[in-house]
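Some notes on the structure that comes next.
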Amino acid sequence: MRLQVPGYQLLSQASNLNYSFSGTGVNVSAALARLGHTGYLISRLPDNPIGDAAEAHLRKLGILPNFLTRGGKYLGMYFLENGFGARASRVTYSNRQESSFNTAPEQTYDYKVIAQQIDVVHFCGITLAMNDLVRQHMKALARAVKEAGGTVVFDCNYRPAHWGDGGYAKAKPHYVEMLQLADIVMMNEKDAMLILGMDTNKTERSEQLQDLIPQVAAAYDISVIAGTHRSINGDNTHSLRGYVYKDKAFCYSELLTFAVYDRIGAGDAYTCGIMHGEFQGFSPQQTVAFAAASGMLAHTIVGDTPMSSERDILRAMVDAVGDVER
Amino acid sequence: MRLQVPGYQLLSQASNLNYSFSGTGVNVSAALARLGHTGYLISRLPDNPIGDAAEAHLRKLGILPNFLTRGGKYLGMYFLENGFGARASRVTYSNRQESSFNTAPEQTYDYKVIAQQIDVVHFCGITLAMNDLVRQHMKALARAVKEAGGTVVFDCNYRPAHWGDGGYAKAKPHYVEMLQLADIVMMNEKDAMLILGMDTNKTERSEQLQDLIPQVAAAYDISVIAGTHRSINGDNTHSLRGYVYKDKAFCYSELLTFAVYDRIGAGDAYTCGIMHGEFQGFSPQQTVAFAAASGMLAHTIVGDTPMSSERDILRAMVDAVGDVER
Amino acid sequence: MRLQVPGYQLLSQASNLNYSFSGTGVNVSAALARLGHTGYLISRLPDNPIGDAAEAHLRKLGILPNFLTRGGKYLGMYFLENGFGARASRVTYSNRQESSFNTAPEQTYDYKVIAQQIDVVHFCGITLAMNDLVRQHMKALARAVKEAGGTVVFDCNYRPAHWGDGGYAKAKPHYVEMLQLADIVMMNEKDAMLILGMDTNKTERSEQLQDLIPQVAAAYDISVIAGTHRSINGDNTHSLRGYVYKDKAFCYSELLTFAVYDRIGAGDAYTCGIMHGEFQGFSPQQTVAFAAASGMLAHTIVGDTPMSSERDILRAMVDAVGDVER
Amino acid sequence: MRLQVPGYQLLSQASNLNYSFSGTGVNVSAALARLGHTGYLISRLPDNPIGDAAEAHLRKLGILPNFLTRGGKYLGMYFLENGFGARASRVTYSNRQESSFNTAPEQTYDYKVIAQQIDVVHFCGITLAMNDLVRQHMKALARAVKEAGGTVVFDCNYRPAHWGDGGYAKAKPHYVEMLQLADIVMMNEKDAMLILGMDTNKTERSEQLQDLIPQVAAAYDISVIAGTHRSINGDNTHSLRGYVYKDKAFCYSELLTFAVYDRIGAGDAYTCGIMHGEFQGFSPQQTVAFAAASGMLAHTIVGDTPMSSERDILRAMVDAVGDVER
Amino acid sequence: MRLQVPGYQLLSQASNLNYSFSGTGVNVSAALARLGHTGYLISRLPDNPIGDAAEAHLRKLGILPNFLTRGGKYLGMYFLENGFGARASRVTYSNRQESSFNTAPEQTYDYKVIAQQIDVVHFCGITLAMNDLVRQHMKALARAVKEAGGTVVFDCNYRPAHWGDGGYAKAKPHYVEMLQLADIVMMNEKDAMLILGMDTNKTERSEQLQDLIPQVAAAYDISVIAGTHRSINGDNTHSLRGYVYKDKAFCYSELLTFAVYDRIGAGDAYTCGIMHGEFQGFSPQQTVAFAAASGMLAHTIVGDTPMSSERDILRAMVDAVGDVER
Amino acid sequence: MRLQVPGYQLLSQASNLNYSFSGTGVNVSAALARLGHTGYLISRLPDNPIGDAAEAHLRKLGILPNFLTRGGKYLGMYFLENGFGARASRVTYSNRQESSFNTAPEQTYDYKVIAQQIDVVHFCGITLAMNDLVRQHMKALARAVKEAGGTVVFDCNYRPAHWGDGGYAKAKPHYVEMLQLADIVMMNEKDAMLILGMDTNKTERSEQLQDLIPQVAAAYDISVIAGTHRSINGDNTHSLRGYVYKDKAFCYSELLTFAVYDRIGAGDAYTCGIMHGEFQGFSPQQTVAFAAASGMLAHTIVGDTPMSSERDILRAMVDAVGDVER
C-alpha cells in the first residue's frame, strides 16, 4: 500500500494522502495485463476492509484475483513524499515483517495448482530480502513452475536497506539459488560484482557489463539477461539505455532522455517490455527498444504501475515528443 | 495516526485519505490546552518523517513537545470509514504491538523529572491493554506523580478487542492497581460489574450506577468518579447524560440530545470537562453540566480531538442550537 | 457513466465532477459479486480511453470482463446534481441512442456461448425502453438462457421519460414478452395497472398489490414476484417495506425507516437481496428481510452500486443503528 | 468576498478555503436574474486581480457589470466556519471600512444615469450601517430612482454588530429617511419596536406584528411590507412563516419546516420572492407563498446566493420533498 | 464542454474531472472581451442544467449571452487526459453530431439582427467540418455581416479527424466559399497545399509560406493573412514564430521558446492578438509581436480559454521570464 | 496570511484557496526551529478565529507562542497566483495598515523581558516600511537586545511598493538606524547604492559588491554582511550565488542552478543558513555554502516557509540531484 502526499508537500505540511496498491509483483502483473496477457498476483491479503480495498484496486489494474488468499493482520505500507528538483523524493516504510504476506504460513499457496495454470512466473529480489518463510515460498514455487514446464523470470533488484549490514554475503546464496532456477534475469554489472562477488579488470561501466554478464549467463544457464543503465541529469530529466544479452550477443537500445513525473515502478515497465518481447517473439533489437520505450513511458505515468498499451509504446518508439492527440 | 476516508466512501471505493494524529492522550492534552491549561504528551515517536509529521500536528493542536522522545520504527495507525445512518462507522487497526510507543524500552521516560513539571497526569485503559512494557511505564509514572503530590486521572475505557478472550480476568489486576493510584476516575456501572466483577441486585442501569459507584469510590479511595450514559437514537442523533460522584453525592447533567458529526474522541472531551471543572473549582453540578456540553460539542467537530474553548462550551450550555454567529 | 457534482452544488456553480460507471446491470452484477457470486456484464463499450476506464472501474467493482465487447463510439452518460432536503436531486441525461450499447449490431453477442456459462441472467425495463435493436438482444438472450436451463430475472423498472407519450401502450407488448420468459420478476401493483392495463376495485395500495400480483404470477407463470413500497418522509428519511410473492403466498419485511445518502441504485440492491435469498434457499421471510436490509444499506453507500457483503446485511438486520465498529 | 472553510472544519484545523462573492446586493440581483429579470449591481471594486475575480464571479451569477466601477484598494471579506448541530456557524469579518465600496468618493456613481436605466432599486440595512459616505450614496440614489418613477425596495436588516453600542438610536434617523423613500419594505415587529422605538401592549410576536406593521405602513406611506418569522428547531431544521401586508391586509404563508444546508442569504431569497410576486402581479397570497418557498429553497443551496428558477420554486410549492428527478 | 482529468492521471486511473466550456468561438470571444472588446457567442445550448451551466461559465469568461439560444438535447463534449513529457495529451470526443449546436434548425439565428449589432464575426474550420446545417448557418451569417459592412475573420483550423477519409477534397469547396467572404484569415502554407491543392516548388516550410500566401491573398482578396509555425522541443518546451501578411508584405515575430502548461486554445489567443492589433491600428510588426506573445501566454494558462489582459501581453513582450510580481 | 490559488489558475478562474501564515519573521523563526534552535515570533494577532488559526499554524511550524499577544482587528493578507514559465507569479495585497500588527500600541511588547529570554533577534526591511508605530517597536527592541548582550540581525529587504514615491529617501534614515544596531546584515550592492546612496565607479555587479560592502561594514561596524546574486534563466530555472563578508574577507558559494517550485521565502532560508553557520561556528566558506544550499532547497518546498533540516541541507551540498531515497 503506497500512501503518497499529493503534490509536493511534506508529511509534516499536508493533511491528506493518495493511496494505491503496488509493488513489483503488482506492477509486472498489471503491465502485462495491459499488454494483452492474463495477469495474476500470488499473495496474501488481510481479511478486512484494507484487504478488500487492495483486491478492488488490483482488479482495477487488470489483475485477476484467483491466487489471492486472505489471512494475517495487515498490509505492508510505505509513505511517499514527492521530491522536486534538488530535493529528492523520500520513502518511509512502515514495518513489513508482520504483514499478511510476510507471515503467510507454509500451506498458504498450492504451488502445483498455480504452476499448472500459468506459463510464466516473475520473482523480485525485494521479496527475496523479506524472511525465510517468504524465501521458501519463492523457491518452492519457482521449482514447481520449472517442473511444470513454465518460464521463471527473476529481477535481482537488490535493496541494501532490506538486507542490512553485510547484506551482500547474506543475500548471495539465495540469489545463486534463484539464478539457477531462472530463465530470464534482470540485472547489471553491479549485481554481478556486489552480490555474486565476481571480478573484472575493466573500470568503465559498459565494459564491466560486457565482461561479466556473459559469465553469469554461462554459469547459471540463463537464456536472457537484460537491464538498464540510468543517469540522472541536472535539469530534472533522466537518461536510460537498455541492454539485452541473448544467444551470446548484446543488443542496446538508444539512449533515451526524458522528463520524469513518477520514477517508481519504471524498472518494472522495462522488465515487462523484455518479457513481452520474448513472449511475442520480437528480435532482441526490437525487444530492447520496446522495453526502453516502455520504461520511459512509465516515468510519465502517475503511480507505481505502468499503464501503457502496446500501441502506446510502439508510438513512443517513433515520436519522442508529440502534440495533443485529437 | 488516523487515516480517514473523506466523505462517506469505503476504502475499496476511494483513493485518498485524510490523516491526523490522535488518541486519548492527544485528545485530552489538546482539549485541556484549548481550555487554557498547559498540555504535554508523554510518548515516543519514530525518528523519521512520520514522527516529524506527528510532532508538527501535535504542536498545531497546542501540545508542547517537551516530553516526546524519538526512537523505534513506526506509529500505530488506524483506518476510519465514516458510517452513515444505518451503516456504522468502521475502524480497521494496523498492527500496534511493534510501534515506537509500544516498544519503548525501560529507560525511555524519566518519571521523576516529568512528575516534577506537571500537576496532573491522565491515563487511559486502552494504553493499559497494550503490553507489559507499556503497563510498567504507566504504573511507574503514576506512582512518581503521586509521590510528587500530583493528581492522577484514570479513564477505564475498556476495549474488548484489545484484551481478547477472557479479557476481563486478564485486565482486572491492572485496573485494580490503577484505581488504587487514581484520584479522578472515569467509569460507569458496566466497568464495575465486568472488570471488577462487582455484583448488584439492581436491574436498571441508573440504579446499578448508584449502587456500585459509591462502593468503588470507597474501596479505592477515589475523590471523584464520573462518566456518561449514552443512547443512540433512530434518527442519527445521540443522547448523553453525564454524572459525577464526589463527596458521597451524585450530580447529573440534563439529558442532551444532538446530531453527530464525528463521534470519536467525544468521551475524552467529557473527561476534560470534568478535569477542567475540578481544576477551576466548579461545583459538581457546574462541572457535570460543563463536561456534558463539552462532550456534546466534540460530536460536532471534525477529527478525534476536541477543539472547543471554555467560552464555546459555556455558550452551548445556554443555547442548545443557535443561528449563525455574526 | 455517471458524472456527479460533488457535494450539493449545482452544475452551474461547480467546476468538477466525480465519475463512475453504473446502471442497473452494473449494480446487480457487482452487488451479487459482493455477495459471493460470480458476476459478468453483457455490454458493449467504445474502443477508446473511455471504454478502458469503464472496464477498469467495472473490474474494480468485482465484475468479470469476459462478456464485454468493444465497438461503437461512446458511452451513455448522465449528470447528477445532489439534492438536499426540499430540493430534489436532478438527473440530466446526455443522448443515449447513439451509444455503443444502443447501437450494438446483431452479431455482437453470442447468446448460446453466454447462456452456457451462466446460471442466471438479469434484465431491466430501462434497457427495454431503448430501441428495437436492444430489445432483440434482450429477448434472444433471455430465450437462450431459458433453453440452457437458466433462470431469467426481470425488473419492470418502467421509466416514463424513456417511453415518451403513450408509453404504456408502446411498452406493453415488450413487457408481456419479457414476463413470459421470466422466472423472477420485480414489480408492484402500479406496473400491473399501468403497463399491463389490469383492473382492480381496491383503492388502497397494499390491497391493490394483494389483488393483482397473484393474477400476474398466474398469467405469466412466474415463480417469484417481489418489490417494495417506498414513502419519503418530511425529515430527509425514507421508509421502505418489501414484499415477496411465492408459492401463492405473500411475505412482507418490516417497515424500515432510515436516513438517505444516495438513493440511486437502492432498488437494485433490493433485487439482489431477493436473488441471493432465492439462490441460497432462504425462506421467503428471510429473503424479504434480507432484501429490505440490502436496499436500506444501499441508501447509505456513495454511488449507484451497492457495496455491502452478506455479513454487513445480516448485521443491519439485527441492529438498526450502531455505534462505531472498532 | 466570502472565504469559507470547506466541510465542517474550523479555521484552525483546515488549510484551504472556498471563495465566492456575495452580499445582499449580489444575492438579490442574481436571484432576480435567475427569475428572468435583468440584474445589475451598483458597487465599486478594486482595480486588481481580486476585482477581476469578483466581476467574473458576479457575471457567472447572471449579474450585468454595467454599473460596476473600479477603484480603491480592496474588497470587504468575511470568513465562514460552518456549524453543525449544536455548534453554530461562525462569521469573522475582516475590516470593511477601508474597502473600495466603503471609500467610494462622491462622484463615483452617476445617480441619474443609473436611475433612468432601471425600474427598481434594492437597498439593505447592512449597507446603511457602513458610514456617512455610503449612506449619502444610498439616499441620493434612492431619491434619483424615486424621481425617475422607479420603485425603491428597502430591507431593514438591522445588524447590531455593525452599529455598535447605542446603535438603535444612531440608526433611527437613517432608517426613517429610507422608509420615507421606500415603496416595498422588508421588516418585522422587532424592527418597529427596536429601531423605530414604537410601542405595543401585545406580548405575543404575531400580535405585535399585526399591531405595528399597519402603523408603519401608514406613517411612511409604504405600499408593501413583508417579512418572516423564523424558529430554529432542535433537530437541525428551521421553520419559517412569511407575511405580506398590502392594501391594509395581512397574508401569511403556511409554516414551512425544512432541513438547512446554508442559511446565509436565505432572507434575500424571500425578499426576491416578494419582489417577483409584485412585479408579476401575483395576488398577495401567491406572492407570500412563492416568497416562502423561495426562501426555503435557498437554505438548500450552496453559497449565499439563491439559485432557484421560477419553475423550481413553483414545484417546491407543490411537493414538500421529492424523489430523484429523472 | 471539456471534461479534463486533473493532474496527470488517465481516465482509467482517476475518478473525478474538471469541467469547463470552451471551443474556438468561446476562446476568441472571451479573449477579446479580456482585451476590452464586447464579446458574444452565437450558439445553441440545451434547455437543461447543462445549458444553464454553460451559460454561467460563458458569462464568467466575460461573454454576453445575448445571442445564445436554447433548444436541442445536449452539448458536445470531449475528454482530456493531460500528457507529460514523452506521453502526449489525449483527447477523446463524445459524439457531437446530435448536439444542440449541430442540430440547430434553419430559423434558429436571426442573421440580420445579429449582423447589425456586431462589427466583426469570427468563424473556425472546425465548425465548418460539422454538417451541412451548420455550414449553412455559417455562410449565411458571414454574408449578412459582410452586407452590413462588418469584418469576417476565418481560421482555417483543418482537423483531419472531423473530415474523415478524402477529407481535403470534401472540405475544399466550403473553404473556398469562406475564404471568398473573409477579410482576415488564419492559415499557413499547409492549408494552401492540402486544402486548396496549391503547388509550390519550394521545399522549405518558410519558403513555401512566402510563395503561397500572397497567391491566396490575391485569389480571394483577403486583407490580412496570419498564422504561426510551431515546433516542439525535446525538453517540454515549444517554439513559436508568428507571421502576418498584409499590404503585400510579410512581418514575422521573434522565435519564442517557452514552457507549456496547457496547449489547447493557444492558437485562438494568437488569432485574437492579430484581431486586436488590427482593430487598434497597430503596425503589422506590433501586431505580430503582440499576437505571438498572446499565444505564448495562453500556453501558461489553465484551460482552453486565454485570460491575458493587454497589459499582461505587453509586459510579456518585454520580459521573457519574470520574478514574482509584488 | 497567504491565500494562494492552488495549481496555476488565476483568481478569476478558481474558487478555492490554500491558506498559510507566513512572512519573513515566521519563515526565519520556523526555519531556525527546524535547524534545532528555539524560535519565537514577536507579533500581535487578532483575538478571533483567524488569530487562533494563525497561532495553530505557527505552532505547527515549530514556533513557540510565548511572545504572541492578542488584540486589534485583523491580520494582513496577500493573495498569490502562481505563475508558470513566461507568466510571472502575482501577489495582491489586501490592506495592511490597519492590521493587528501594524496598529499594536506602545505598551504591547515588553522589550526588556523579551530581550532577556533570547540570544538573537531578526528584523526585516519590509516591517521597517510599515509605519512609525512599528518602526518604534523595532528600534526599541533592537536596542533592548543589544543592551542585553544579544545579537541583532537585519535583512535590508527593500520593497519599493511599500515605501512609495521617493521611497529611498524616506527609508534611508531608518535603514541607517537599523544598520547601526545590527551585527549581521543581509544586503547587496544595490541596497548600498539605492538606499544608502553610496557611489562606486565599478559597473559590474560583482565588482560593485566588492567595492561597497566593505565600506558599509566599516561605516556601521557590522561583523557579518551576506547576501545573494540571483539570475532567472529562460528554462524555468534560477541561478544563485551567495556571498559572506566577514573579517574583511569575501567568501562565495558555488553558482547553484536549480528548478523552482515556490520562490517566496527562499531569501529567508538563505538568511537562516548564514545565521545557523554563525551560531554553530562554521567557517565562512562552510557558512556560505550551507546558506546557498538552504536557499536552493527552499525553492523546492511548498509554501513560504523553509522546511529543511540540517541533514537535508548537508546532503543537498553533496548531491545536486538525487534518485528516490528509500
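Miscellaneous remarks
Residue numbering begins at 1 within each chain, and the chains themselves are lettered A, B, C, D, E and F in the order written.
Following the convention adopted for this analysis, a residue touches a chain if its C-beta (ideal position, glycine included) is under 8 Å from a C-beta of that chain, and two chains touch if they have at least 3 such contacts.
Note that the coordinates shown come from a computational prediction; the quantities given were computed from them, not determined experimentally.
Counting the residue numbers used at the interface between chain E and chain F, under half appear in both copies, so the two copies meet with largely different residues.
A repeat of the C-D interface exists among B-F, A-B or E-F; more than half of the contact pairs are identical by residue number at E-F. Annotation: 45 Å between the Cα-based centres of chain C and chain E. Chain C and chain F have Cα centroids lying 63 Å from one another.
Each of residues 10, 12-13, 15, 56-57, 60, 90, 93, 235 in chain C touches at least two other chains. Contacts from chain C toward chain D in the complex involve residues 7-10, 12-13, 78, 83-91, 93, 159, 161, 230, 232-236, 263-264. Those residues of chain E whose C-beta lies close enough to touch chain C in the complex are 3, 6, 10-13, 15-20, 48-50, 52-53, 55-57, 73-75, 77, 79, 81, 90, 92, 94-95, 97-98.
On the side of chain B, the complex with chain F involves touching residues 56-57, 59-62.
Within the complex, the chain C residues that touch chain B are 60, 235, 237, 257-261, 296-297, 299-303, 307, 312, 316, 319-326.
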